[in-house]
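Here come two complexes built around chain A, the first alongside chain B, the second alongside chain C.
Now for the complex of A and B:
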């Protein structure tokens, strides 16, 4: 039934709603990236709330929701927030975050009170302002070249293009002042002006998103895609590109999921963005949880293999038999060492295993010799650190250590240090 | 070494009776200082003496409560591209998503002016500057993955890319390994040989006379200035490092509180 609806007459409606969500998310990702890398996410949160009274006043004065005057009202309210926060910080000595907290909640509350007071006179529904009505966006349209285009899509699209154009034009100025404000100011850039511009742009992006996703959840579009992108890539233009992609993806997937489960589109979009962030934390290359777990597992396996080779080598050095593998891990290790041609079926070292084992034991005993010379440690304290370090010594550092301790033939325990060719 | 300039040629850097206040409280009192190049000039003093503030005041990053600063006989706005600035390393977020090369390229921005993008010539210059500080092999690395000494050299390379005539460096040797210190000093010496003036805020007395041609001893006011060997006398150092200067400190607080001192 639902599928029929989507394919039938309402397909266009859904596509417009999805397109609106996507373009709102893209605009938010552009400014959100700059906010997140400047560690100003909280100010984005503040502005997205504080623009509400500006919107209400603009509507009361005859502006149309989603129209130009509402955008102007929102920017004015945003700049007022920033200015009041500054006054509280510099004039009254309040900390900046507490000041912002006081200002934006007060202004937001003022907006809520105004809406409720003027409810009979204006076409602005409080719950719509808070939670958005993405589902109803396609019903308020404008005829454009014979096509009925939703007003919200037009506003958001225009805002996105303006933001993208502005950021492209001012890219190097924004980059320099975001990374090192002091050096940028010394070089003559109007850093404070650029920051104010960014905050005004934040107001524009959030107002464009108001109708679609509401005041509360638009913060998610502002901050979450950029924060996730920052985990995945490490240059600003890439962060912005990935943030836009993640925002658009969240808009599309969130809308479809909301439609599937018959729930709030705005809420579902924010949830999907949260999931995207969680996946970024999990999968980020290098620093992600999975990457780190994989690296840790890789090290553990290498250590187990090298330890087994060294045990065998020491046993053969003393003319004894190495103890049998008892744990699951060491049995697996033995299987692998045998399969890769390092030890024979009876456990004896083959030439390849012999070479590798000698290097491990050489690392171990060299490190004991180095510690014996440079650290004030009793003889029985030398083994544990060497047991750990032996797996991390490469040939270059080994050579330097050997030279430093005078190419000794034996370690402090009197055992021979195997040579390295 | 600085040499006497003919009267017609303006000084590279001139502080004229400069007083700087944070809020209402003065932290630098009546600095009158003239510096000429080429040379390595050290601003030496204890913690909290206002050394970094002096640089920031010269660059217009903190407002002057009184006095004026001139560069090559002109106000800063007229000669900005001839002045390079290397802030303290801790003032920026090293997790910021930029590569080493991106940061060095920023040095070329000031000359480019608004809207223009760095082109092949700027890229070539940035690569050359990275080579000069010995970081060519880490050009594409994210800046957070460098050691402290390497980070400081990235900042130095960015300043080099600015191709200035006068450089301000704020504590370039702080938290930097010995090898990077030597490299930084070598680059600064090469700049001096190329006729530049390099003004360095520095806190380590032991290396001061070795590195700088001339120094200024500062502790909330200018105590002495001149050739390093003449200024770094036990008597001057005693006056600089004897502890906070009670009169200026108390007076500053009283000014801030709109009161009279006890």
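Now for the complex of A and C:
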């Protein structure tokens, strides 16, 4: 497997291999986006395994690896997989995942056995079926306008252009059927035809990537960039664009990393795509883990600050001293309140803090008054819900609550409700 | 390698061990198919490669128990990642499964080929774990795998009632006070163990087939769980023996694909010939019904309702 060193220092060879990886990844990302959005990722998995016997039979019948007949064989095998899964699902009522599991493992096993039995007649190795031979791609070339271009690059590039063209032409239809197939069918769109087309496209993308990264790692190229893109952006054309970018980036970085560490390029590309996905999970705006943690921390901080102001206000209302801050959080909160001019050094409220504290306490007591009138809760059950909601009421809501309960002067406990300003 | 009798001791022990593995995979696989966890097991099986490579790198010992222990750790790790992705991200289940499968397999390949390129002792033949090669097993290895398989079948027998309850009606089980999450976790852990036990025979890529195809074939013949378990075990055992025999006879042929094809042949026979659910029986039933209707001169010419769902024609 020391194949990367075979290329020696020839930068041109490496560039061709990188370009092939990038184009394969781009084609897979186009199809993968549609698969992921339509929740058909596992069909992509099944198809990428099941194209193997199609390819082997085509080669045995005299097709060239990477040639037209191999593409046809792969598409036929893919459609066969889907048809058989459908037969098992609808015909004898097997669950779809078990049906797919039966069909694709069987077809893949058939492919491996055929390869082994016909080893003398075809130039395919079971292990390169599993993880490809990206490193050897630059050695099988065609002369094109005086330049030696790797055959795999040409196939993958052609497939990518076809897929991109097809997607552009059918964009509106694909968009409609991706999110609501039933409505799209009712509106007269040929949803079944589009689905079949998508399956054939998956087979094409798979077979284009087959030589370079093998049957199983194609799954990573199909699904991972699209799933990562879906976390980052929300409109289908953006998802597809970002998925293509992530796929290409993964191809380039993965190849370079494999070169650096002297290991399998296809495997490393899958690993880099996985890292991209993990980063998207962490950093995605809005729904990413960091973004959600940041929002939660911000809310917790605001609640702590407002609670401290309210504690101080209530203490001053009763003419007492507020209890000292004991926890680390409340001490930090006091420091911040002092630094931002809300409380004085001795803990008393300054005008700014006073205004804010009054609004919090007003929200709290108004809510208790409202609950006391409408929810018929006993007195000692009013405080906890009010303690929670006081941080979430705006001035307009407070005004309406006050109007609803008849502008009361005090809450059900008999304490004064502070005015709005 | 044609019939030289008596067979060598090693071959006999390996065949016996693999028969036990095939049988246990069939039995445990039933629960996976009924609970629809087959594809999670597929993701876990692709992740075993990482553990196998890491175990060799960490210990420097190429002994089957060490390698399989590593494989089990990463298989379970991949299932944990899968659960976390479903819990904490917006990625849907199918995509999450494919991500875990593809990326962990890529990592395994990266580690394996990196180790081979560095000439780490013992890493050269690890590709046998991709597609399975029972010829490489020693008698001791086969005995270990056989014992683990017997233990797995015993566990299924002990916990059968609970798992079947959860598989068929999880909300009811939860409402009746059963610890559904714990039972589910135990089931998935058992699937992971079975994936690892089946690894030397069928390889990371195809071991799921041993957990899916025999149960699916057995399902065609019966509506009872106990019968399904027994039949599935018998189918798995047969497929495993056929796989061991043929791959031993044909040079360079990996065991996994042959086992899978043998199991698939059993499945195809079941699909066509099984009474009641089989294609042939359905076709005959339909024809009889049509004749009955036309014979009675009924106006109703509607075709009989198609079977729906897992439970046969009359289950809602």
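Basically, the second predicted complex is superposed on the first by the 410 of 421 C-alpha atoms of A that agree within 3 Å, B and C clash if a C-alpha of one lies under 4 Å from a C-alpha of the other, contacts with A are read in each partner's own complex, and residues count from 1 in each chain.
The criterion applied here is as follows: contacts are C-beta pairs under 8 Å (C-beta built on N, C-alpha and C of every residue); 3 or more make two chains touch, one makes a residue touch a chain.
What you see is a predicted model; the values in this text were computed from it and never measured.
A.B. asks: Kindly classify A:102 by the partners it touches after superposition: chain B alone (first), chain C alone (second), both, or neither?
C.D. replies: A:102: touches chain C, not chain B.
A.B. asks: Quick one: is A:192 in contact with chain B, with chain C, with both, or with neither? Answer first, second, both or neither.
C.D. replies: A:192 contacts neither chain B nor chain C.
A.B. asks: Does the superposition put A:39 against chain B (first), chain C (second), both, or neither?
C.D. replies: A:39 sits against chain B and chain C alike.
A.B. asks: With both complexes overlaid on chain A, does A:258 touch chain B (first), chain C (second), both or neither?
C.D. replies: Touch status of A:258: second partner only.
A.B. asks: Using the touch definition from the top, say if A:183 reaches chain B (first), chain C (second), both or neither.
C.D. replies: first
A.B. asks: Let me test your reading of the model: by the given contact rule, A:236 touches which partner, first (chain B), second (chain C), both or neither?
C.D. replies: A:236 contacts chain B only, not chain C.
A.B. asks: Name the contact category of A:172: first (chain B only), second (chain C only), both, or neither.
C.D. replies: first
A.B. asks: Which of the two, chain B or chain C, is in touch with more residues of chain A?
C.D. replies: C
A.B. asks: Identify the overlap between the chain B-contacting and the chain C-contacting residues of chain A.
C.D. replies: Common interface on chain A, chain B vs chain C: 39, 230.
A.B. asks: Where on chain A does chain C make contact in their complex?
C.D. replies: Checking each residue of chain A against chain C gives 1-2, 36, 39-42, 44-45, 88, 90-95, 97-102, 105-106, 108-110, 112-113, 116-117, 119, 126-127, 130-131, 216-217, 219-224, 226-227, 230-231, 258, 261-264, 266-271, 273-274, 277, 281, 287, 289.
A.B. asks: Considering only the defined contacts, which chain B positions touch chain A in the complex?
C.D. replies: Those in contact with chain A are residues 56, 59-61, 77, 80-81, 83, 85-87, 91-93, 96-99, 102-103, 106, 109-110, 112, 114-115, 117-118, 142, 158, 162, 168.
A.B. asks: Contact residues on chain A for chain B in the complex?
C.D. replies: 37, 39, 169-173, 175-176, 178-180, 182-183, 185-188, 230, 233-236, 238-239
A.B. asks: Which residues of chain C touch chain A in their complex?
C.D. replies: These residues of chain C touch chain A: 33, 36, 38-39, 42, 46, 85, 88-92, 94-99, 101-103, 105-114, 116-118, 127, 130-131, 205-206, 208-209, 212-213, 215-216, 219-220, 250, 252-254, 256-258, 260-261, 264, 267, 271, 277, 279, 306-312.
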